[in-house]
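Notes follow once the structure below has been shown.
Order of writing sets the chain letters: A, B, C and D. Residues in each chain are counted from 1.
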Amino acid sequence: MNGDVIMLMSRLVSTEIDAPLREALGCPEPLEDLSAEFCRLFVGPRPVCPPYASVRRGEPMIGGRAERRLKEFAARHGLDVVVPPGFAVLALDHLGVELALLHHLSPGPVAEELLDDHVRPWALGYLRSLEESARLEPYASAARWCREEIT
Amino acid sequence: MTVAWGPLLAAYVVLVGLPTGLTLMTWWVGRSGASVRLERIGAWGALVALVAISVLLVADLGRPERFHLMLVRFDNLASPISWGAKLIALKILLLLLVVHAVERRRPPDRPLPRLTKVVAVLLLAVSFALALYPAALLARSWASPLAGGAGVLFVLTALLMGAAVVVLLGGEGRTALLGLLAASAVALAVEALALAGRPGDRLLLAELTTGGSAPLFWGVAVGAGLLLPAAGLLTLPRNRVVTALCAVAVLAGAAATRYLLFAVGS
Amino acid sequence: MSTWTLTRRDLLRAAAVAGVGAAGLGGIEVVHRMTTEPRAAGKTVGAVRRVASMCQMCTTACGIIANVKDGRLLTIEGNPADPNSRGAVCAKGVAGPSILYDPSRLLYPLRRVGRRGEGRWRRITWDEAYTEIADRLRAIRESGRPEEFAFQQGRNRSTDIVARFLDAFGTPSAFNHRALCSLNRRAAILTTIGDSDWDLGDYENSRYILNFGSNWAEAHQGHIPVATRMMRARERGAKIVTFDARLSNTAALSDEWYAVRPGTDGLIALAISNVICQEGLWDREWFDRWTNYPAEKYAEHVRAYTPEMAQAESGVPAEAIRRIAREFAGATPRCTTICNRGSAAHRNGFHNDRAITVLNALVGNMGEEGGWCWHPMSAWDKKALPEPGPIAPKPTARSLIAEAKDWPLANAWQSNKMRVGEIVYLWIKQRRQRISALMTYNCDQAWAWPEANLVREVLADEDLVPFHVCLDVMASETSNLADIILPWTTYLERWDIDSRPPQGLVDYVGLRQPVVPPLGESKDLREIFPELARRIGGGMEHYFPWATQEEYFEQYFAPVPGGFGHMREAGVHVDPAKKPNYLPYEKELTAEELEGTRTEDGVIHGPDGAIGVMVDGTARRGFGTPSRKVEVHSQFVNDRGREADRTISPLPVYEPIPGHREQLAQGRLIMISFKWNVHNAHRTLQSKWLQEISHTNPAWLNPATASGLGLAHGDWIEVTSYRPIDPEVPRGDGSQLGSLRTRVHLTEGIHPQVIAIAHNAGRTTGGPVASNGRDRAVLVGHEPPDHGRVWWAGSLSVAQNDILPIYPDPVSGQQAYHDTMVTVRRIEGGA
Amino acid sequence: MARLGMLIDLRTCIGCHACSVACKAEFDVPLGNFRDTVKYVEEGAYPKVTRHFIPVLCNHCEDAPCLSACPTGAVVRLDDGQVTIEDGDCNLNRACMAACPYDAIYVDEDRGAAAKCTFCDHRTAEGRQPACVDACPTNCRVFGDLDDPESEIAVRAAANDVTVWKESAGTRPKVLYVDPKNALPLIEEQGVQVDTTADLSGEPA
């Protein structure tokens, strides 16, 4: 499991690409278009791919059952998550949070438990639709690489 | 109202007649000098069919990994499924013993040892209970109003299916088949009259005889399942092809009757 | 699509940057923590914090108690201390959590990228938003034409902070939606009793309730407080009679329901008055003493409105009208009328409600226990709880649109600016007043207004509306046409001082407080306006001295015993010393009150206006009208009419709606709108639990009408609407307006000449729940059919407002929502 | 040991659905599944026509078909008569759903077990009322011990002639209705669950 790819994907779905990251990616797209794409995909006003397990599983409620299960998982393993201000993350079942947890836990049996119980059931399908819906790089490719990493 | 039991249960109700009927009819035909081949095929056939049906039932469970609960739990003896599951497991066990005994017998045509005789009797009892079981099971489901009082029909259709298979296997089941056909015709008539009697059930009778299920009822259950084979067996008793065709028709008819008992009224 | 694609090498290099900098670059961090807690069966078990607040799923604002555990709202219950709802709550109230945690909420400030309405946005920080908005508004303010900043509000329960900001800014262009809602009703009651614009029948103690088209079991601004009192009345044997074009739930609950042709409620009331006068069932003595019009003359006036005429026009049997008149009069004083949009949202609705209100005067039940009552305060006692200063002066600038001169009664009452909402965007389009910036607050005019397509056209035009900020909880047609979207908190995440006209006739004050911290980056006006005022400067900041909202409310609630602390604990305060407002007009004036007053033909004038009236030799308080009596004859409205060269009859009259009789003869139908009990306009469509109960709005047709048109249940139809044939209405030329496609729902419960379509439907945005799955955005890909999914996806949901013509009642400007003439024809498969 | 029951006075039910939404909120009941619903049924011909509102829920029958049908003993009766389902013992053979004449039981995919109304035993254990009773604005739902003559439910049951839903099913239900307009026979064929296929489609044919 390549930790860096996981962390990059966690970062890409949680907040806009800023100048240093755009530089590192060598991405030619203007910053505003990248921000517009991030907003179109993950934020709104009508997000194309809201990165939440509960929304993806058709259960229209932030912090629904998916988040409760993840909270229990985190509590069981004595883990908590600190989301920097300005990140578009509302609930624990956000893909960015799950990937950050995965990055922190891997390798190891607990990481496998996280993958099987909480990430794979929805994230594989989600990353495939993200790849289909994203109009700008690096979102499409990053989604594909990340999906390969966690399959 | 949401329908709780769907196609898998319908398949169960229809198909469970086969292993039950096969066991009972091979015993009946075998009473006067069983052909070893028939006895062996009867036991194996019933075993394979019953195991297949059990897999079907476990697949229907929302939590298949918890099927054992129905076997090990005795808290609710009023529940038909609690009995049914245990009886099926018991019958599979008994069939295994019979098959074991049949296979180990040297030379093949020697009569079975006395212990197997006891098993055989038990097997008959369990099979007869399982023949009645669908009626008890569906009596508790508001979606199958006809099935509750149709224990006799379930037994007869099971025996018909058994007899048909015996005939197909070349066994001497023709007279039994004719007898069963007559009995079934009578039972159907009695059931229809009973339905006509009770006001609430007249709707069901209408559904059966004139409503949506009429083609299946008149066409397959009565026509192909009873009249056609009866005529065939009576007029051309010797013709093997006709007998086989009649057996197949009986199978189809019995299956249709059992499905109608399950589905009509939901 | 650009040609560049991310290669593995780029990825690894960037990942290194991201990886290394996980902490530095601001990635999400994972830390260790020790606490664990078990999960119980049902939710509300164990350590649950109970927070008292006020609902705002509809305008009734019932008191609620929120059960909160670890910062998460679990469930909502009613607050027994609320004197209006008395602990009751409805389906919308308990559905609060499904709105608060709706994933389709707007939670970040967004700025449009590209053309307005193109639908491309990017996240901006609040600081960026404040700066851009403040710069724009400062320029407008400094241009000396502050009225060019317009503020469009929908439901506004924060009237104090809104008025404070707009007055401090100096703009009079504050547009509300009163004319779309209850203007005619309020104007009729103000005209008749003057003390209040809102009647509060004492239903609980009444024996006979005459309901002209109000649907209090499902809607009505009094909803649950009225419904619970109606049911108490029923338990004590009261009789409820309802006139309504459709079998609403209220009609079904009533002891008798009569299907009436829309707009004829006033005629029925006049016919009932006629019977009461002819058969002498009236309280003639009370009428002659307390109204400004002799009973004999009023009997003469209503003589023309016979029960037979009412039967011909409305369809209610004359015999029934006579019997009801006798029963109603016989039950006095424990009898009352109730009416709302059913009778008022029509052309001539003002006179409908006037006739209904005067009916109560005829039987002398005004102000009586169990009778037709009111309260002078429509909210809390503003003298006992004054708004903390400094108070900004009223703007001196004028707004042509706000004053809407063409409709005399729209702004006739100083204290009660009714305004005419439905013509705002028509007049902007006609450039009658220049708008440089528009702020929309809790309003979706681009979807909810009559001729909503015209509103969308105006909002999309960057010349007509150069700058548009939309503050709302959900994405909407209006937010699609904004330059900046600001995420607004739900009522469960913000502060308000609030209360409603007191159904128990004793005023009270309530507190709305955040039960959970605001989700995402949503903010309330009480935080946004002070920040904008500080950034605009120019003296505006002077009116916002408080550092926090708690500080403001600490001061506001100081006069309440126990102050802000008590309010946070109990959620509501009722002054135990106050008595219910029965018979206020009979109060005798004391000697000091009469000090230095002069009496002029009966009316006693004090230093600042009339304070009483001489009745049979004693000085009594009387009514708040010019004549200090019930104004059956209102010279006031007649004068206002003449100023705008319109003749408004001083007496309640019935004028058939122009063009209806002819068009009905040609086989056209009257299209009305209605509301479901689990919805409130189209906001609650976001709630999965409420939308699951009611998510489709086929057109209701009477089976006889349907067979006449060759229609069967479920058939696809095209409904085409026409403008009114009415010279006194803008574009009242009867031309075709628009059409919609929907399907037929046969029901016995509707008048044969009426087609009814619910307006809680027809959304294409706001997530899969609200749009019945049409908002494909969130349903991308084919995930497994999970539980909790939208099982009603694909069911019929049609927007009605685009084909509703702008139809202001010539007298008051009230939008006539229920007078639209339509043709209906069958179409194949709805393609 | 009480004999808990519920009384619903149809004279003052305004069909507002507060009960069904409060139940959804209390248990996060998945969409498409219901423990309590309000049935709307119209009766009569124009212009003499009305609409009845009938809140329905599990009746916690004294002779509970679900309890006697369950092969694994998952359906149990608590001390005060509530009929509930133990998640751990249920293998979703759905015998209870087939047996229940009121269609009050559904498959809760989330918990992988059958689920039904529990008369809010977790709330009554804390001395509170069930969520639906608390939410009802007109107090037409009364909950309490049928065997306690002083309880409000017993008093109101005695004061009015009460009837039950689907009496012919013979399960001795414990939800009593005050139904002067005789509306219950109109929903003889309906159940607690909602027919999720009844809506007119909005997609062009």
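The definition used in the following text is that a residue touches a chain if its C-beta (ideal position, glycine included) is under 8 Å from a C-beta of that chain, and two chains touch if they have at least 3 such contacts.
A quick note: this is a predicted structure, and the numbers were derived from the prediction, not measured.
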{"item": "Of B-D and A-C, whichever chain pair has more C-beta contact pairs", "value": "A-C"}
{"item": "Whole-Å gap between the CA centroids of subunit A and subunit C", "value": "41"}
{"item": "Centroid distance [mean C-alpha coordinates] between subunit B and subunit A, Å", "value": "56"}
{"item": "Distance between chain centroids, defined by C-alpha means - subunit B, subunit C (Å)", "value": "67"}
{"item": "Subunit A: positions in contact with at least two other chains", "value": "59, 64-65"}
{"item": "Where subunit D touches two or more other chains, by residue", "value": "28, 30-31, 110"}
{"item": "Which chain pairs touch, all of them", "value": "A-C, A-D, B-D, C-D"}
{"item": "Partner subunit D, residues of subunit A touching it in the complex", "value": "59, 64-65"}
{"item": "Contacting residues of subunit A [partner subunit C, same complex]", "value": "2-5, 7-8, 10-11, 14-16, 20-21, 24-29, 32-33, 35-36, 38-40, 43-50, 52, 54-65, 68, 72, 75-76, 78-84, 86-90, 96-97, 100-101, 103-105, 122, 125-126, 128-129, 132-133, 135-138, 140-142, 145"}
{"item": "Subunit A contact footprint on subunit C (complex, rising order)", "value": "1-2, 4-6, 8, 10-19, 22, 25-37, 39, 72, 97-98, 101-108, 110, 113-114, 119-123, 125, 475, 479-480, 485, 519-520, 688, 765-769, 775, 777-778, 780-783, 785-790"}
{"item": "Residue ranges of subunit D in contact with subunit C within the complex", "value": "11-12, 14-18, 20-22, 24-28, 30-33, 42, 44-47, 49-53, 108-110, 118, 120, 122-123, 126, 131, 134-135, 137-138, 140, 196, 199-205"}
{"item": "Touch list for subunit B against partner subunit D, complex", "value": "1-2, 4-5, 60-64, 66-67, 69-70, 73, 75-76, 78-82, 85, 140-143"}
